[in-house]
Amino acid sequence: MDVVGQLEIGPGMSVAALVERMNHCGFGARRLAQATAIYEKMLSGDFTKFLTISGAMVPAGMRQIISGLIRGGHVDVLVITGANLVHDIIESFGCHCIGKAESDDAALRAEGKSRIYDVFLRDEDFVGFEDLMQKIMPELEKTLSGRELMSILGSQINDERSILRSAYEMNVPVFCPALPDSMIGLQAWMFSQTHRLIVDAFADINEIVDICYGCKRSGILIVGGGAPKNFALQSMLVTPNCFDLAIQLTTDTPENGGLSGATLSEAVSWGKISEHAEFVTVYGDATITLPMMVAAAMERLKGDRETSQEDLSR
Amino acid sequence: MDVVGQLEIGPGMSVAALVERMNHCGFGARRLAQATAIYEKMLSGDFTKFLTISGAMVPAGMRQIISGLIRGGHVDVLVITGANLVHDIIESFGCHCIGKAESDDAALRAEGKSRIYDVFLRDEDFVGFEDLMQKIMPELEKTLSGRELMSILGSQINDERSILRSAYEMNVPVFCPALPDSMIGLQAWMFSQTHRLIVDAFADINEIVDICYGCKRSGILIVGGGAPKNFALQSMLVTPNCFDLAIQLTTDTPENGGLSGATLSEAVSWGKISEHAEFVTVYGDATITLPMMVAAAMERLKGDRETSQEDLSR
Amino acid sequence: MDVVGQLEIGPGMSVAALVERMNHCGFGARRLAQATAIYEKMLSGDFTKFLTISGAMVPAGMRQIISGLIRGGHVDVLVITGANLVHDIIESFGCHCIGKAESDDAALRAEGKSRIYDVFLRDEDFVGFEDLMQKIMPELEKTLSGRELMSILGSQINDERSILRSAYEMNVPVFCPALPDSMIGLQAWMFSQTHRLIVDAFADINEIVDICYGCKRSGILIVGGGAPKNFALQSMLVTPNCFDLAIQLTTDTPENGGLSGATLSEAVSWGKISEHAEFVTVYGDATITLPMMVAAAMERLKGDRETSQEDLSR
Amino acid sequence: MDVVGQLEIGPGMSVAALVERMNHCGFGARRLAQATAIYEKMLSGDFTKFLTISGAMVPAGMRQIISGLIRGGHVDVLVITGANLVHDIIESFGCHCIGKAESDDAALRAEGKSRIYDVFLRDEDFVGFEDLMQKIMPELEKTLSGRELMSILGSQINDERSILRSAYEMNVPVFCPALPDSMIGLQAWMFSQTHRLIVDAFADINEIVDICYGCKRSGILIVGGGAPKNFALQSMLVTPNCFDLAIQLTTDTPENGGLSGATLSEAVSWGKISEHAEFVTVYGDATITLPMMVAAAMERLKGDRETSQEDLSR
């Protein structure tokens, strides 16, 4: 049996070095190391790469990690909540503010601030969002899929750090299974009151199921559960394929029976994930675990590339 | 200051009596008692009553509590995940099975069983579901809203204990903000490959926002967060109104910043809930807290009615 | 396979009836029903019954449930945190107050109130506690065990609803494995500055291990983990015996590797719990699950007794 | 208002650089950055530094972080569970093994392995522990404090990476408020059956309260709650002093009212922590957050020293 290695840390150590050593620890540390190893495998191999994002990741500052992954070619399919895209669009012209979780919420309302735990959003940024949306919403004869609408919106966002813009440029499909449940949905509806804009609720299914059918090997990184997790998993379910690699970063635990906290093993019983798959769940706040995992995987990938370049140059 | 009353219990005590006494306790017990008091107020007063359901409530056995509330006239608007409706439909002809959380998931797959924590679903029931859906999906020239589709499906379910059927009969609108993210969505899409069936992704917004505009006073019972919670809250947000009463039953806590665990106070900063509202979150598994709260509120309502009838008969 | 039974509730239903039906549900509801069945078996059979209490159960109003179990003969060994005994003693002459979790803690300090989540304790009650302790602490030549000190203190508490008093009267040993970590410990130390009072840190081990050795069959109800859970389990571990029945009511989950959230199955690997044992963990706030389980078990026991008396009277 | 800074990560970035940037994020990331800033302040300033350790930190691989902090002069008082010291002693001659959380616990027992989530301990290492303990337990006329016993044991551990040994060499007092609740307690009791060894349960209080009285300014790092957290806080409480800096790394949340998840703000209402204190709780698995925080603080301290040396050399 392998032995637990007591973790040694030192000043100046890189995130990758820390995560590497965590592989010899127990509990969350080992899970994080396993997730990083699986993610490196996913990114360096020939896998169709799904990324699902739930939870207020953009307000919390995770936007550039996500858009960076897209621009780096590390995402083939993005499934995301509408709310994260709303905040992505707001960041393209406005901002989120550092706030306090212990606030007087009635006073915040009076000041025109909406709170997301310890992050504040000013009413003026929502106004800017609404103005922008009414400007860039498309009027089209053709009935659209949600994915097509996301692509059109992405083409109009003038910020290369934007998730939507990055996906548009990199040709990565963006699926929003709960689009009506977001201020993008609300703005689209308002726009459609006076313009022709129709989105077919089920058209996205066609496209994502096609992608799933076409996968030879596939991997999925699930951040935070929710509808994005289920939409990706159920789309794979209706094909003969299943995920070969899977990572889940979540604060939910399985005991309440909800899908967000369901183990990836449970997904094996459904046939969503292969029984031969490598998978791991890291329990904890994704604002900590996602940056660590991605930074460590990036460093390893760079190391792998440099090593293989050295090999070539010999 | 009021004093903590040490809880006295005895054999034969009713759920309502237990919850009543919990009002003098601390922690979760008091929160449950407060929730019950708010719920009684909501049900007995002139409030537009929203119910949102997330988490695998139907597989866990909460179906008749929900359909019972609908049939009792205690729900004016239902916002629910597609998955719960899938399982509601399955219950109308099939069943869920008592399973074990600690199972060999690959073996389950081989046996044709899908696991939801400690509940199993047999492949044959999914097949039955698919057959039924392909039979009752409507072919229509007109573009539908999701709500209209739910109503049509509800009219075809032959089980008075069904949530969908009960809502249909009681004329309660059912909103599914993440409809594509469910097997109903998948079946609708398959059907639409060979038949005319178009659902406008944003049409539901129109109807629910209208309802919100029309509310004089309103209350919301949120079970489990997710897209249903947000869809109901955001719909109220775009009107001049806000919720006057709010209850949340959830296992999520606020620290991770996600909406499912966000406090109801946070919703005050957005203007979704009135700063003068009465609201409380009960942290815990809703398969325990929902039946307790509903059973206790039902008993009190009955008591209220009997008392007022006695008054009338004098 | 058994089928999930959709839960039916109605006004006036008893806690026992509700819990009985939960046995056919999933998730937490089923776990609570299983725990109640195990507890009924434990209380009605020939088991040495351990009860461990952690978490602020007395401030939250659970004192009389605990003392009621003791007086009902349902506890053979009590392992408890010192803090709960401190609050038990305070309740014998003072009180805990209904407070608010969202309070200005600096203002509370200025008002002389200490907060335990949403329960307040007034400084005057602490003063009363200190006075009482200095009055009833014993001066003795003999070196005491912690259990003996608890028994002496219990004999001096003038309140039959007290846990300590009830245990004293019912001859139930009370073990406090972290006695120094409580205000009883602090008061004992202050007293010992001017009087002779010596407690042997390890003497309790002798007595509890003897009890464990003497068990034919044994059951344990663990409320909230902590040192009491471990102390009871490790004491059984050093004997050839192990627990045959085990229930755990906790909000901790296993993923962080801590003992409080460790599964009871994990305890099987240590030999603390028999591999043939019946055991279940109910995840959730014990201020809700403990009263439900105890009320339901009491009703069933009463039903059993009445049934058997009827049998006798025939 | 300060603006949320979208986190930028890159290959090769140091842990300190990552944590520094997290200060501009929301949720757990910001809390971790705040904790690191407070910890750097604590370690670089003139504070009496308390460290409390609960949860299975040593089995999970955190031993050398703890002993490293002690040897680095960053700990003035250590309050720790007996279990962590047991595992510390086992590591001095034996090991912990990499296991699996999803194991057949009855089979593990048959193989002589005890499981701590995903870490295994072999029976032979327990036997080695017992042999060692019976060899190094002291026979003394004098009644000891727990702290004195820990110091004597530490002097006999032949491993400079040991927590107990490091504390012994660095003259750091080690307090175990629940000493009987550990296998050290069990072994001490066994030894005392045939040798003279008496530990006064309350003697530690004397020493730690003296330390608290002597503090000018003080800081506390709380890992995992439990008896160690409370023992340190209550010892400060009985003095006129209170903590000026406080950090808590925990997976517990406040809603269940237990002390482990209680906010540090709650401790202000008791007077344990100064109302002017800087404090923060980081929610999450300490096997991830502790190494990150310590590695980042070490790097900053080194940077500070180098900067100040440069200043001196000018």
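Some observations on this one:
All chains are identified by letter, namely A, B, C and D, in their written order; residue positions are counted from 1 within each chain.
In this section, a residue touches a chain if its C-beta (ideal position, glycine included) is under 8 Å from a C-beta of that chain, and two chains touch if they have at least 3 such contacts.
Because the structure is predicted, anything quoted here is derived from the model rather than measured.
Among the remaining chains, those touching subunit A as well as subunit B are C, D.
Matching B-D against the pairs in A-D, A-B or A-C identifies A-C as its interface repeat (over half of contact pairs the same by residue number). Remark: among chain pairs C-D and A-C, C-D carries the greater number of C-beta contacts. Remark: subunit B and subunit C have CA centroids separated by 35 Å (rounded to whole angstrom).
If you average the Cα atoms of subunit C and of subunit D, the two centres end up 27 Å apart.
Separating the centre of subunit A from that of subunit C, both taken as means of CA atoms, is a distance of 44 Å. Within subunit B, the positions touching two or more other chains are listed as 26-28, 56, 59-60, 102, 116-119, 255-257, 265, 283, 285, 287. For subunit D in complex with subunit A, the residues that touch the partner chain are 1-16, 18, 22, 24-30, 32, 56, 59-65, 68, 91, 95-99, 102, 116-120, 161, 265, 283-285, 287-289, 291-292, 294-295, 298-299, 301-303.
Against subunit A, the residues of subunit C that register as touching in their complex are 26-28, 102, 253, 255-257, 283. Residue ranges on subunit D touching subunit C, taken from their complex, read 54-56, 59-60, 83, 101, 103, 105-106, 108-109, 113-119, 143, 146, 177-183, 185-186, 188-189, 192, 198-202, 204-206, 224, 226-227, 230-231, 234, 238, 251-252, 254-260, 262, 265-271, 275, 285-287.
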